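In what follows, structures are represented as structure tokens.
Next come two complexes, and both contain chain A; in the first it sits with chain B, in the second with chain C.
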Partner chain A sequence: MIARLGPPLAMALLAGPIVAGIAGTLLPAFGFLPALGHSTLSVDPFYTLLAEPGLARSLVSGLGAGLASTMLALGAVMLFVAGWIDEPVFQRLRRGLSPLLAVPHAAAAFGFAFLVAPSGFLARLVSPELTGWLAPPDVLIVNDPMGLALIAGLAVKETPFLFLMTLAALPQTPAGPSRLLAAALGYGRVAGFLHTVWPSLYRQIRLPVFAVIAFSTSVVDVAVILGPTTPPPLAVRLVQWMNDPDLAMRFKASAGALLQLGVSAFAIFAWIGLERLAGAVARALCGSGFRLRRDAALRLIGVATMAAFAATVFAGLFVLALWSVAGLWQFPDSLPDRFTLAGWSDVLPRLADPLLRSIGVGAAATAAALALAVPALMREDETGAPMGRRARLLIYLPLLVPQIAFLFGLQTAILAAGLTPSAPLLVAVHLVFVLPYVFLSLSDPWRAFDRRYEAVAFGLGRSRTRMLLTVKLPMLAPALATAAAVGFAVSIGLYLPTLLIGAGRLPTVTTEAVALAAGGNRRVIGVWALMQATLPAAGFVIAAMLSRLVYRGGPGRT
Partner chain B sequence: MENMGLRLDKVTIALGDHDLLEVDCAIAPGEVLTIMGPSGSGKSTLLSFVAGSIDPAFRASGRIVCAGRDLTGLPPQERHAGILFQDALLFPHMSVGGNILFAIPAAERGRARRRSLAEAALADVGLAGFYSRDPATLSGGQKARVALARVLASHPSMLLLDEPFSRLDADLRGRTRDLVFAAVRARRLPALLVTHDEADAAAAGGPVIRISA
Partner chain C sequence: MLKIAAALIAVLAASTAAFAADPDPANWPAVLEDARGETVYFNAWAAPRTSMPTAWVGDEVEQRFGVKLVHVKLEDTATAVNSVLAEKTAGRTEDGKIDLIWINGENFSAMKRQGLLLAPGWAEKLPNYAYADVEGKPTLRSDFTIPVDGQESPWGMAKLVFFHDSARTKPEEMPKSIAELVAWANAHPGRFAYPQPPDFMGSTFLKQVLAESVADRAVLAKDASSVDASAVLAPVFATLDALNPNLWRAGKAFPKNYPALKQLLADNEADIIFAFNPAEASSAIAAGELPDTVRSFVFPGGTLANSHFVAVPFNASSKAGAFVVADFLLSPEAQARKQDPKIWGDPTVLAMAKLSAEDRARFDALDLGVATLAPDALGPAIGEPHPSWMTTLEAEWTRRYGVAN
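So, the complex of A and B:
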């Protein structure tokens, strides 16, 4: 009975806010916002928007960063998987990359900035010995006008996600036999894999790739930390307008949000064009019998890129930790001259409230997501029909539509409805983003569950509910715990939804950390960003302990 | 109450508009009816129809009567249909004893009594002293015997055997088979065996139905 309500409820909760949000963006974009006394339709907001100086540059930097970073990340994953699958290093890097998925975008971006900035850790390591620098060189590495730092930061952070999605899809491809067959026909590892396995593999990770494009073309937090500033990418400017005390700016911001929707959609269409092109090239190469027998260099590039990306995130977190306890740390010293907890004791009194809110909202949204995902999957068990294409698209919808396009509308709608920002409202909006990840993370192990165990339990006289509680859910406890940890990590990392729905009144660790970006106080940033990165990690540790508890506590009990 | 056996009354199984099989038979208490056929012939589906957990993709008709009780349409947990699959499917989050306790009907009350019933059930299959073991530490043959003890502990009114010996090597297969068939005869259970293996059918000693693809 509960199971029957699961899927429609989950769909309403996913699609409802998006539809309402886009409507709430659409109306003000055309000058309609009765709450502010505007009740006629006009295209004036678009004229004001188009008159903004530097709009074209803002558009291009967002678009370019999104496409370039996705290409880099996917290329690294593709080369690495093609060249190294079945090798020991594959398993080792797999274990190394998985935890990186849990590192929030903002923390990863801060770590990256602290690493590569002219006064960053890397420059300090080699200065003055190799460079002769006694002062940081006067070059713009972070916040560079070309957006190179933004592209690199995004690529580093998206790689673990695309890699894990690829790993999840691999078992459904004939990777082993195809590779042997291609090798027997004289193909190098990379060419053999790309010709025989990649096409079916890519088809399965296409939606996650689109999600990465939609996200990275409209990202705000990473762009604030690493992106160009004069002018910043469109999404960053939109948030500035939206937060302007002058409410009239909302019209321009809403029109801009629609433009952002168009930019992200254009990026996805451009990507589809690239897919076609790559497909044609691949077919031509395949037909010509191009075997790429000597691909050692290419394979080396693959593994080196992946290892470098992973090392960058870990090193970034290390530098964040270093700064959070650094005393005086002058350039070009490699390490601070002393360590102090002054940064922590400064921040601590202000940390408690956002920290507790982050944890509370994350836990509540995760619990709600599990409470929706489990009945939806139970329903699948009952009907015997796995989710269709359309339902799968719906699950991905909140990840495919740029957040900004419907969050503006939601904020406006909340305002128009006379609601004040509150924690339950924040939980509801987080749920929109948490639910897809929880569902996607849980659905594979749930569907892989050997249903003969259910038949055994039924045969022993157990009802459906008893079977679920005593057999299926305990056996799926590790998967449930992992899904919960994933959901919690997603909620912790959410910047834009928290900022917009909280309207500045409900700060979390994430919004506080990003707000410090402009200030450049590395000790304080170190503390906040480290806290932000610690929360999801703690979630995964607790999940691992809980699932071990179920199994270890099991034997001997009934 | 005397078990009057299991009756499959004009049972048909179809997938889409393709009729897979049709069975009309009676199995006496203590008798094993063997159904042989190639994979895809619907023989395992027949077992899940009897057990009440048929995949909704299949269409099935006919009546199932066991011990004079019409089971057709009853939920699976009301049918008392004990099942053995080719894997033992011991619950990995419970101990060996926990698996048996899980099967013992709730009507048996008292911790100590339930525990001693479970110990006895394990002793019956030659696994005395295995109560606290983790199923993961057992050999294939031991797992198969725990699975048998578990299904018998639930006091089933029939046994459904879905190629339960096919994963065991030849020597172990013979001994496990003897143990299962001896239990069927001793408890006078009607049993329905689905298999590829002629030797299983011969050892079962009962009637054999052969279906073609």
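So, the complex of A and C:
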């Protein structure tokens, strides 16, 4: 019964807010907003939008950054997995990269900026000894018009996500036998993997790749920190227009939100075109017997890129930590003149309320997501059919639709329904984003579960419920704990949904971090970004301890 | 018949009850009684040093008047304006989410125009308004040329002040006008920057250029759409065109806001920066953000000045509580505390001559800090232009420099 309700309920919870939100964006985009005295439909907002100077540049920089960063991240993952899958370094980097998934985007972006800017930590380390710089060079590294810093920052942050998605899909591919066969036919490791395993592997991670494209073409917080500013990418300008005191700008912003939806959709279509192209090239290479036997250099590039990406995030966090305790720290000093806890003592008294809310909302949304995902998966067990393509697409919907395209509308819709911002409402909106991640990280281990254990339990006369409670769920405890930690991390990192739905009355660690970061003080940014990064990490540690507690030894989840 | 009459009476009673619910600050004891037990949601931009004074204000109003103050930190004041608008859109005419907003200029003008503010008059009836320096500070009644009409209560003053590091640059070499600044930048390319408009510090710089470029400042009190704006703005952009290639990063990127600009001075990426609070440099030195060799200077011909206020939305849930907080913010005690550079350093809106000797002593006791100019050394004040000029300037600026790369 519960299992039967699971899938439709989950779908209504995922699609409902998006549909309501897009409607709330669509109406003002066509000039309909009665409170401002506009109650007739028109296309004027689109004319004002198109007359906006530099619009084409904003479109191109968002689109380019999204596609280029996805390509970089996927390329790094592909080369690394292809070249190193059986080596010890693979497991070591796997352990090193997993925690990076939990580092919120804004924190990672600040760390990156503090590292590579002309006045950043790297320049300070080598100045003036190696460079002779007493003042930072007047060169444009962060916020460059080409968006190179933005591309790099996004690639670094998306790589762990794509890597973990790839790892989850690997067991479902014939990786072992295929690679042996390719090796026997004289193919190099990289070429052998790419010809035999990659096509089926890529099919499994295609939707996550699309989610990355949708996210990085419409990202706001990272683009504000690292992206071009003259002009900024479209999504950043949308938030500026939405926040403009001239309230008539809302029409243009709504029209722009629809345009953003189109840009992200276009990026995905462009990517599908690239997929075709890459497929054709690969087939041609395969047919021509291109074996790439000497691929040591290529493999080295793969492992070096992955290691550099991981090192960048960790070094960024280290620099954030340094700034959080820095007194006066002038260029080109490698370390601050003195250290002070003033930043921390200023923040700590104000931390309790947002901290507790972050934890409470994250835990509630994660619990609700698990309570929906488990019955949906049980339903699959009963019917014996894995979810269809459409259902899979629906699960990914909140990740594929740019947040900005439906959140503004959702805010208006919630107000029109007479609801006040409250913790339960915030949990409900977080659930929209948490559920897909929880479902995705749980479904693979769930489906890989050896169902002969179930048969044995039934054979011993256990009921379905007893079997679930005493056999299946305990054996899947590590997977459940990991899914919960992923969900919690997602909830902690949510910025735009929390800001808009909480209407400023329900601050979390993340909204406080970005609001105070707007103040631009590096010490304050350091403290809050570290706090923001610590919470999800704590979630993963607790998950690891819990799963060990529930389930000791025995066969693993796969 | 009787039923209709009963219904009518009920409706009447309900509507008078609604009127009675709007407290009248002229009857202050009633306001205080009404306010007890209320929670006031104060939406204020999270400026670097505002959280400390508001935390203290929160403790005090809770202890003295039983009003709980919650500081909702904003990235941008416009968020709060939009929030009230969204409530009006949804038909929520009472029990609004915001009770008090820190506001001035363009945002005030927008809220006033859209009818999002509490009816006029309340602010001048607050008991502590009697000490406000309405004679000496005309900006208390005319906010960016928009009549205040008692719809917002004054909190503090702002004055444009420039800073340099005397360890690197000599005070006598600092420019004394925008024209001299352009010449200085030409001689020192890459060492001056201003935040990217529409950040309000960036727009403030544009308005300073505007004020020094027009032949007759009277035109700036008019709505920009009622005059030949492009003719007025032509000399402004001639100046900015000359400045742009000599800016930090050759004008291809701009610092995001004032704190980012301040970081440029600390990092030795810029030699001249500016702020809207005369005490800002001293506060930054005390906080270890700038070296103690930083000093202030102003233009002898005057720099931009304005006031900032707190306003109550038309649908606030705790209007009496909001009045109590607004009045407490105006009290000599809170104003003196706010002017202490160790706390915030924001100049007072009160007239020293109107205060009791005891209250005046609170201000006399303040140590303004090594980098702060004395009140009489701040130079002439140039009033803010009509908000429409800022909008026009920002739009044209964006077209020329904001999308140029």
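Structural remarks
The rule is short, and it goes like this: the second predicted complex is superposed on the first by the 536 of 558 C-alpha atoms of A that agree within 3 Å, B and C clash if a C-alpha of one lies under 4 Å from a C-alpha of the other, contacts with A are read in each partner's own complex, and residues count from 1 in each chain.
By definition in this document, contacts are C-beta pairs under 8 Å (C-beta built on N, C-alpha and C of every residue); 3 or more make two chains touch, one makes a residue touch a chain.
Computed from a prediction, not measured in an experiment: that's the story for all the values here.
Looking at the shared chain after the overlay, A:D144 reaches chain C, while chain B stays out of its contact range.
After overlaying the two complexes on the shared chain, residue contacts for A:A477 are found with chain B alone; chain C is out of touch. When the two complexes are superposed, the chain touching more residues of chain A, out of chain B and chain C, is C.
In the superposed model, A:R276 lies in contact with neither chain B nor chain C.
Legend: residue contacts after superposition of the two complexes on their common chain; A:L460 is shown touching chain B, with no touch to chain C. In the superposed model, A:P228 lies in contact with chain C only, and not with chain B. Once the two complexes are overlaid on the shared chain, A:T420 sits against chain C while remaining clear of chain B. Look at A:T383: by the touch rule set out above, it reaches chain B but stays clear of chain C.
Touch criterion not met for A:R92: it reaches neither chain B nor chain C.
No residue of chain A lies at the contact with chain B in one complex and also at the contact with chain C in the other. Chain B makes touch with chain A in their complex at residues 48, 51-53, 55-57, 75-83, 85, 87, 89, 91-95, 97-98, 101-103, 105, 132-134, 150-151, 154, 156, 160. By the touch criterion given at the top, residues 33-36, 53-54, 57-58, 118-119, 134-136, 138-140, 143-145, 224, 228-231, 240, 242-247, 250, 326-331, 337-338, 340, 342, 346, 349-350, 411-412, 415-416, 418, 420-421, 503-505, 507, 512, 514-516, 518-524 of chain A touch chain C in their complex.
Across the complex, chain A is touched by residues 41, 43, 46-48, 51-52, 55, 70, 72-83, 85-92, 95, 97, 106-107, 109-110, 114, 190, 196, 198, 248-250, 252-254, 256-260, 262-263, 266-269, 287-291, 391, 398-399, 401-405 of chain C. By the touch criterion given at the top, residues 382-385, 450, 452-464, 466-467, 470-471, 474-475, 477, 550-551, 554-558 of chain A touch chain B in their complex.
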